[in-house]
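Right after this note come the structures.
Each of the next two complexes has subunit A plus one more chain, namely subunit B in the first and subunit C in the second.
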Partner chain A sequence: MSSYLLKTLTKKEEIDRIIRDTIDEVLVLRFGRCTDAVCLHHDDILAKSATDVSKFAKIALVDVDSEDVQVYVKYFDITLFPSTIFFFNAHHMKLDSGTADHTKWVGAFHIKQDFIDVVEEIYRGAMKGKMIVQCPVPPERIPKYQLLYKDV
Partner chain B sequence: MKKPSKKSETEFCKVCRLHHDQGSRHKYFPRHKDFLSTFLDRFRSKIADVRFFLKNPSVLRPEEQSQNRVWCVFCDEDIVELGSSFACSKAINHFASSDHLKNVKQFLWKNGPAMDCIDDFRISEADVAKWRRKCQSLGNEDASSFKGSCGQSGTSNDIHNKLAFKTMDKIENVPAPHINSHHSNDVMPLQYNTNKFQISHSELSGVAHHASYLNMDASHLPLCTDPLRNGFGKDSIASRTKDFPSNGNYCNQEDKKQIKGSYSSPDGLVVTSISSSHSSDACGNVHSGAPPPWLDANDGKSSNVQLNQSDMSSFQAKIPGKTRKLNPNRVGAEWAERRKIEIEMEKRGHGINNKIDADWLPNFGRVWQSGTRKESRKEFEKEKRKLVKPESISIESEPVKVQPYISKRARRESVENGCG
Partner chain C sequence: MATLEDSFLADLDELSDNEAELDENDGDDGKEEEDIDMDMADLESLNYDDLDTVSKLQKSQRYIDIMQKVEEALGKDSDGAEKGIVLEDDPEYKLIVDCNQLSVDIENEIAIVHSFIRDKYKLKFQELESLVHHPIDYARVVKKIGNETDLTLVDLEGLLPSAIIMVVSVTALTTKGSPLPEDVLQKVLEACDRALDLDSARKKVFDFVESKMGSIAPNLSAIVGSAVAAKLMGTAGGLSALAKMPACNVQVLGHKRKNLAGFSSATSQTRVGYLEQTEIFQSTPPGLRARASRLVAAKSTLAARVDATRGDPLGKNGKALREEIRKKIEKWQEPPPARQPKPLPVPDSEPKKRRGGRRLRKMKERYAVTDMRKLANRMAFGTPEESSLGDGLGEGYGMLGQAGSNRLRVSSVPSKLKINAKVAKKLKERQYAGGATTSGLTSSLAFTPVQGIELCNPQQALGLGSGTQSTYFSESGTFSKLKKI
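Presenting the complex of A and B:
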């Protein structure tokens, strides 16, 4: 359902274009599969929040099964799905949520407000010139995962 | 050691309108000074009106004598022009009197600023003498014309007089002979009824409007057959108004509005009418069924509006206000500015490469990076090249033959045996 509401990208060109054309707004890229249950839950929250954050953020979904996208899967070190990466003016924004990986948000958001808070925090930090921001979501609602160093 | 402040008797300050026991110190307080400045400014404006009639003496009609009055704040006296034949004659005489001068001095000593502004609140004897001479000459000149005009207009223009008294109640001293003597060519008396004539005779509407100011004086002005001939116009009336004071005692700001083309009704409403020259009959109006002007104007522009809507983002980028609001130190600010310019150029069709380089990658800080983001990108590109090279090598190389191991000595011996 959410894939009809949010744009799904399957090619590197499309991802490049959306990154380059999003100016002075937060770009939220969700890397995942539309068949995965956790991704579906995550997508539902993204779709519901899209209008609320439309003034300062843009949301797009990326299908990781597409071959063209594998470059970005490797570049962004995506090993777990869904992974959400944030950009601002073609610059990657890091999020310190207390987990091992600050470059992305791994897993689904519990509630819509968490996602909106994260995007807002990233926007505020970006407007102040910060490239890494503190996650406003309480630790109990942050998904936990194990990060392997280069598959070791 | 500080001396305890003496408490003086309670006094009433006329300027501040309050009781105080500060004694002579009261006049130095900033609040008192503020009130005093406004107090004196008000009186200055009143005396300016009187000075106007000092320079331009005019006859005072008996009907308006009771309305012509001034309150002198220094003497606490109301000066009413009852029984005087010229405007402000009693006021002029009062301001020139020695009693008034004495009261002014006393007031300034008690309340106020330095004594050097005494002359602002009194009239000198020399000025009064000049005024008297002017009055004498005026009285001789207009005695006959004044009587004549009174006789003619008494019966026919009663309605106009009533209107004049109702609407121009603040204009108390605008005598006809004054107008006649100073601007004989500029304005002419009203010849027609203003109400009906305004609607039915549009060619005379301008005349009617400009002459409406003169309603009150129609009774006293000599009749004229051809008002248009004498250059009736706004400019002439505007020049007349300069001679009249602007203060509320003797003249009202509304009269200027009236002069510009307004008509005052018996109810006191001031209505400004638009002359027929402004409305072009060729375009039509609501009654004729013509379309409204905004629809006509937008027909040509609607397509432009539609086109512009598609370029809203670029136009928003163009708006300098928006770029100024954004923090110049925000993340990717320089890139954003460059990108906006590129987008604008693309929209205008200046043909910059729309195609993105296939190897383009955004600024990304990798998970296991050590160093800057550029280094992480270089690292990724190296890894990418390594991935590509082994694949290409494996495709190009021949299949490897597996052979048993032969030691160096055995190889040497076989070579020697071969040679030998």
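Presenting the complex of A and C:
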């Protein structure tokens, strides 16, 4: 639904290009399916805040069903959808939100303001030179999940 | 001129209202350019019985001449515009200028006749004057009513709007007036006729000027319309005079100061003259009228300048200017563009705005360096500083409590703060060394069984040891600073 507002990437070259070309802006890549309900909620929030953060962030959607993209899915170890990965100047930014996995944000944001806070925090940390930032979202609004490591 | 002097003398004679002089007055009517002087004289005379003493214009030669020319010109078709002739020399132009003057005079004349009618008719129907304001309408109504007492027999349809007719009929029932005597009635009717004649003459002159305005000043009439163009030209005193005026003057040409004493001037429109009657002005919404009048005045001045030099006989310039004016007024009426949602600013890009002000200064005062502290920080040169524990230990007092300053005193309250271990040791040493409390019976000699008399340091017994032994390099010393990793 919001795919006409946000760019959807299907090819590996596109993803590469966008990661390379986003300079001095946070790049938000959402990995997910556009049919999933949670993804839709997430996409809605992303689309609504796209203009607000447009000065310091860029948002793109990656369709996880296409073939090219599976490389990235494996690289980032994406199993649950939607997953959001943040980049800044081609560096992968980590987010400590109290969950097990710091490399990505799993699940949908509850409200638009949460997403904007996260992006701002990442921007501030990145401008200072940090590779990992603390998540400003209060823990009740962080989606919980369980990581299974080799089905353990 | 002899004739002029005679006419002035005749005016003075007229001041005394005498029927016998009527014939003389008729003879005087053949003078020119006296209307204005005579009107002034007539206004001063309070009682006048005859119309002709009041209004002389119709009989004056000038009036007759001009009307004749106008009739002629209206009759024949306008010949081709002679572009070669300078504007001022064109006989038609001169006629136009005269016509302008005359129309102003006719208006004055109508006003005078109206007051004449009103004064006479007051005896019959006093309130009519306040109900019907326009002089020509008043004249028509008076003519219709005549000497009738019962207004239901009089048909005022078409003369007045129906609401006013109703009011007039109702007022007539309760009026205090009485029917007029025959001769007065005659005079009144004559005056009404005169007023109506003057009105039609004025219309004729007007139409003539309007029709000619297209060839005299095509550009100006393209913008403001020929009627207003004629009026402007008339008031300015010619086309070149109008062209020389700055636009701000053109804007107020014809502005009537209508502020009656006691009435508010807030509702009267400021600084609009004849331009108020233009189509452009009337069609703009009231909020934009001030700007529009300025715009129209400016552009019409430009057009007048073009016309004065006969630069554009077809009037294309004028049409273009009019189009420009129309477009500008439309643009003013456009709604403002919709607001776009603003994106958030980049984080930490704008430094925090630190505010100043009295409140902040008062707050900062609580943490500022006090006078006492300042004095304590300062030291006198050459004299050792006093300190709280004495001899360089504890807090130094600096200039505080010095003999010279009688401001701050230092009291010897012992400090409640914990004393450093080193400082405590030194204190004890000193106390022991300088203290007068050592018993006189103690001696520094110690009697040991082995060596006999031994002189030993009494302070060592107290554990103070030798002050020279440094604690830093001591072998038995412990770590002074431990940090938990």
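FYI, the second predicted complex is superposed on the first by the 149 of 152 C-alpha atoms of A that agree within 3 Å, B and C clash if a C-alpha of one lies under 4 Å from a C-alpha of the other, contacts with A are read in each partner's own complex, and residues count from 1 in each chain.
The definition used in the following text is that a residue touches a chain if its C-beta (ideal position, glycine included) is under 8 Å from a C-beta of that chain, and two chains touch if they have at least 3 such contacts.
Bear in mind the structure is a predicted one, so any value in this text is a computation, not a measurement.
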item	value
Partner chain(s) touched by A:66 [first = subunit B, second = subunit C, both, neither]	neither
Touched partner set for A:116, first subunit B, second subunit C, both or neither	second
Touching partner for A:8 - first (subunit B), second (subunit C), both, neither	neither
Contacts of A:88 with subunit B and subunit C, given as first, second, both or neither	first
Contacts of A:127 with subunit B and subunit C, given as first, second, both or neither	both
Which superposed partner A:20 touches (first subunit B, second subunit C, both, neither)	first
Partner touching more residues of subunit A, whether subunit B or subunit C	B
Overlap of subunit C and subunit B interfaces on subunit A (superposed complexes)	127
For the subunit A and subunit B complex, residues of the former touching the latter	12-13, 16-17, 19-21, 23-24, 71, 74-77, 87-94, 101, 103, 125-131, 147, 149-150
Subunit C partner contacts - residues on subunit A that touch it in the complex	51-56, 116, 120, 123-124, 127
Residues of subunit C touching subunit A in the complex	341, 343-348
Interface residues, subunit B side, partner subunit A - complex	317, 326-327, 329-333, 335-336, 339-340, 343, 356, 358, 360-368, 373, 380, 383-384
